[in-house]
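Two complexes follow with chain A in common, the first pairing it with chain B and the second with chain C.
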Partner chain A sequence: MLKILIPTLLLIPTSWLAKAKWLWPTTLLHSFIMTLFSLAWLKNTSETNWSTLNPYIATDPLSSPLLTLTCWLLPLMILASQDHLAQDPLVRQRIYITLLVTLQLSLIMAFAATELTMFYVMFETTLIPTLILITRWGNQMERLNAGTYFLFYTLATSLPLLITLLALQNKTGTLSLLIIQLLGPIPISPSVNIIWWTTSLLAFLVKMPLYGVHLWLPKAHVEAPIAGSMSLAAVLLKLGGYGMMRMMLILSPLAKELCYPFIILALWGVLMTSSICLRQTDLKSLIAYSSVSHMVLVAAAILIQTPWGLTGALILMIAHGLTSSALFCLPNTNYERTHSRTMILTRGSQMILPLMATWWLITCLANLALPPLPNLMGELIIISALLGWSTWTIIFTGAGALITRTYSLYMYLMTQRGPVPNHMISMNPSTSREHLLLTLHLLPLLLLVFKPTTIWGSAY
Partner chain B sequence: MADYREAPLASRPKSLDPNEYFNLSSDFRRAEEDRAAIRANLKRQYQLQLNNPLRKELIEDPALTQWVYARTNPYPHFRPTYKTSLLGAVFGVVPLFVMYYIFKTDRDRKEEQIKAGTFKRPFSLSS
Partner chain C sequence: MNPYLLIVLLTSLGLGTALTLSSTHWLLAWLGLEVGTLAILPLMAQRHHPRATEAATKYFIVQATAAATLLFAAFNNAWLQGHSDIQHMSHPLFTSMITLALLLKLGLAPMHTWMPQVIQGVSLNTGLIVSTWQKIAPFILLLQIKQIHPPLLTIIGLASILIGGWGGLNQTQLRKILAYSSIAHLGWILLILQHSTALATYALLIYIFMTSATFITLKKCKATTINMLTTTWTKAPTITLVAPLMLLSLGGLPPLSGFAPKWFILQELTQLNFIPHASIAAMAALLSLSYYLRLSYSITLSLSPNNLPECLQWRVNYPISTPLSSALPAALALTLFLLPLTPSALTLII
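And then the complex of A and B:
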């Protein structure tokens, strides 16, 4: 673990000391090497599931795919930001990379934490670089509003989580995940049982996001710069899912009654957010709502607490992380050329940028859960698990899946087909940097088709 | 008026229909001509920008910008009326209660069957 943490930490001095001409290639190469090392986490040979064990940090089959995804995403974020930061002064470029690296460090420590306290502290720490990224480097005036929504939605629910964790520490004497999974039901007095259950999950449900509390997500995703959008969509949402999976171990006997409102909100949220996607005019907003609709499926699957549910949730989280991040990179390529996110303005790009149309096609197909990609596998497992929970959920998940296909195809057809707007001139051709970026997103997704056991998680 | 012929995809605008033209009041005709002048000016602006050889960026359409902004920011202008309250209740509140009722009765029925031992499991599945 230290062989990843220390290079990540030292990427900060690297970004400050590298010469101007070599800043981006150096940081890119450094982060790629760290990614290469992080692939070693995927091999899990221990019987008790916990590897690279240390008093504070460990990995297990639940967290190792998420950790590898996080490490994979840093070079991609650096690659994606290269263009729009080129006209910023050098100091600001260095600060940007430092922020990305700080975010990365806190994410690695959050996913690898064995103590819930450390997880909580890192969970909060990820908010700060993301807030700075959104409010400083966002492109419209609305970014201030977006940053406020993002910060306060998460804080309002995570401060009760802190109190819950402290109460848990008082009752059980420990917050270590290795011990908590072996304890029995927690002796919390019946009068505050429900409050305790709700507050421990609400922070993660807001982060996921759950349908009723999802308003921060479209704002934050749309206003963030590309690296912010990528990390938000790919990793920060998964922090919520991962936290839920860890916390639900302790919350068990009460969960059978109390999970109903959240599962209902989640299932209705699939339908509602997918339908909203069909009515969007802003491309990034469409992808943000698509993220919501996938993640509420994950939330529902985690809440029903069956082995298939947890497996499907983890597979869908990883697959969605890669797909959603690729989906944010694609309109960013459009935005860098036309400075507009409106869908109607950027039609017909298959004619202008035919190679980029290939990536649009593959990514939209991945988003609509085409077999044999892990997006479909995760969705199928989740839908089957929910079917086992109650047969009537198939109405909502089936209709939601149908609308998901519809809006994914709609997004593809609106941006690629159709008449090219008359007034678009000087569209620079797709750079090989952009092709590399999208290849690196889609290649792991295709490779995961062949070995899904890496992202199955510990329920199998 | 100049010779205006209809084309297959361009129908005759109402203000130039000869059947209507001579029945209109002069006020109306003046207003129509003013509006046509504004439209022609907008078209001229667009053509100037379109054919400007030194232009490198998109032509900004302020109407489109306003429309996109209006579509993305409905919340400050929300007014609770009968229609919006009804829509909110039908799509936001009632389904949640209906779903709770459906899931609860279905799962309670299944739980009773499991406890009585009559729950049939025709497939051998893990879940």
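And then the complex of A and C:
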């Protein structure tokens, strides 16, 4: 683990000492090398599931796909930010890269933590770089409100989580995941049962987000710069799912009836957020609500706590991470040319940027869960798991899947087909940087078709 | 101020606190507190502005009242008990009276109303001294009193955190904001005082580092209102970079130092099964965080509408390097990076 953590930490001096001409290529190259090393985590041959084990850091089949996704995303964020930061002064470019690297460090340590306290501290640490990214480098005035919503929604629920973790440490004597998984049910008086359960999971449900507490997400995703949107959509939401899966181990015997309201919220949220996507005028807002609709499905799957549910949740998290990140990169290419996110103003780009239309097509097809992509694998496993849990859920998940396909197709047709507006006729052609960016998003997705065992975790 | 006078006053200030810290008899403790109060009054009033005079007057009256109450209760206790030892007080009424007197000196709710007005009226350097140095002596006395009625400290602590959070929300003057932040942090310290003196000392120490860093930063930017913070990026870009981190450390966000006292206080409270107290304190900390976030928005994260001359202010003899500003790097480093060193820091204090 240190062979990834120390180079990532040293990317910060690299970004400050590199010459102006070599800043972006250097940081890009080094983050790619670290990504290459991180692919080694995907191989897990230990019988106890924990590999690269030491008292503070370990990886298991649940966290290693998320870790690899995190490491994969840093070079992609650096690649995506190159264009819009080119006009910033050099110092600010260096600060930006430092922020991305700090975010990366805290994410790696969060996913790899064995102690729940370390996980909590790193979970909160990811808030500061993201807040600075959103509020400093966002493009509209609403970014301040977005930063406030983001910070306070997360903190208002994670402070009770801190208290719950401390109380848990008091009861069991340890917060190490290696030990807690072996402990068995925790004796808690029934009256505080509900509070215990709620405070443990609410922080992660807000992060995922669950439908009722999802308001921060469209704000934060829309106002963030591209690297912020990518990391938010791809990795930060998965922190919530990962945290939930870890905490459920400790809480499991208590949770049978307690999770009903949340599952119902989640299923209703699938329908609601998918439907609202069809009425969005802002492209990034559409993708943000699409993120919400996928992640509430993941939340529902984790809450029912069946093996298939957890497997489907992890597969959909990874697939959604790559797809959503690609989906944010695509309107960003439009935004850099037209400085507008409104869908009516960026129509018909297939005529002007035909190669980009290929990526739009593949990404929208991935978003609507076309077989054989892992998006479908995840969705199908989750739908089956929910169906096994209760037959009525098929109404919500089926309708939700239908509306998902509808708005994904709608997004593709609105941006690519149709009449070309007059102001868009002379745009810069797509750069090879953008093509590389999207290839690197979609290639892993296509490769995962052939080996889904890497991302289906330990529950299968 | 005349340098000789300054030396005399600052020495008296140090002497007063040292006297209180090293005393076991209430009379000597009271003496130290009074010396401290008297020494800081000329420092507060040196500006000859009506607001400064008013602040000095208010400070004097409040501190004198507290000290008189302290002395009265101490002597009553000595009369009833036979000795005037600080650490062996037994009479509950007079113990409570002394505690309330000390809390009035510290400026905790509901005896907090003088704090914002006093700190607003004085200059930033003097406000720093009032916020940090003047808290040490009463705090040490509180540590030594054994038989305080537990609900008293808990209720006042929680009330201080809440009032510190709520009061600062509507302020634009930075010194008032820092006064309310002071009240909130002292509330946290008070919560844990009766359970773990080491943690209370640690919390006070981190609070002193953070508040010093903030005051020195504001002095360097010559900013006393939120609007004046918006031109910090023109004067000191490095401070602009670090100021949000410093403010978020005051707010108690990991991985900055300010998180450590909150974490350990919450841990101690949950271990003793005071979970409702811990929850209220934790959620009330979010109120304070909202005005720290507002400050960091004005300093770094947004660019206020301004015109060109405002960005190129007259800087006579700039950079001004006062003795205090050379302490800024140390204070900032301690404010930001102390969390990983917490275990060793705690062993130093316990």
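Throughout what follows, the second predicted complex is superposed on the first by the 458 of 460 C-alpha atoms of A that agree within 3 Å, B and C clash if a C-alpha of one lies under 4 Å from a C-alpha of the other, contacts with A are read in each partner's own complex, and residues count from 1 in each chain.
Throughout what follows, a contact is a pair of C-beta atoms (placed from the backbone, for glycine too) under 8 Å apart; a residue touches a chain by one contact, two chains touch by 3 or more.
Every value quoted in this text rests on a predicted model; they were computed, and no experiment measured them.
Of the two partner chains, chain B is the only one that A:Ile425 touches; chain C does not reach it.
Using the contact criterion defined above for the overlaid structures, shared-chain residue A:Asp282 touches chain B, although it does not reach chain C. Touch criterion met: A:Leu166 reaches chain C, while chain B stays clear of it.
In the superposed pair of complexes, A:His339 makes contact with chain B only, with no contact to chain C.
Of the two partner chains, chain B is the only one touched by A:Leu267; chain C is not. Of the two partner chains, chain C is the only one touched by A:Ile132; chain B is not.
Touching chain C in their complex are the following residues of chain A: 91, 95, 106, 120-122, 124-125, 127-128, 132, 135-136, 144, 147-148, 151-152, 155-156, 159-160, 162-163, 166-167, 169-170.
By the touch criterion stated above, chain A contacts chain B in their complex at residues 260-261, 263-265, 267-268, 272, 281-282, 285, 306-308, 338-340, 342, 344-345, 384-385, 388-393, 396, 422-426.
Considering their complex, residues 237, 241, 244-245, 248, 253-255, 259, 263, 266-267, 270-271, 275, 278-279, 282-283, 285-286, 289-290, 293, 297, 300-302, 339 of chain C touch chain A. Against chain A, in their complex, chain B makes its touches with residues 46, 49-50, 55-59, 64, 67-68, 71-72, 91, 95-96, 99-100, 102-104, 106-107, 110, 125-127.
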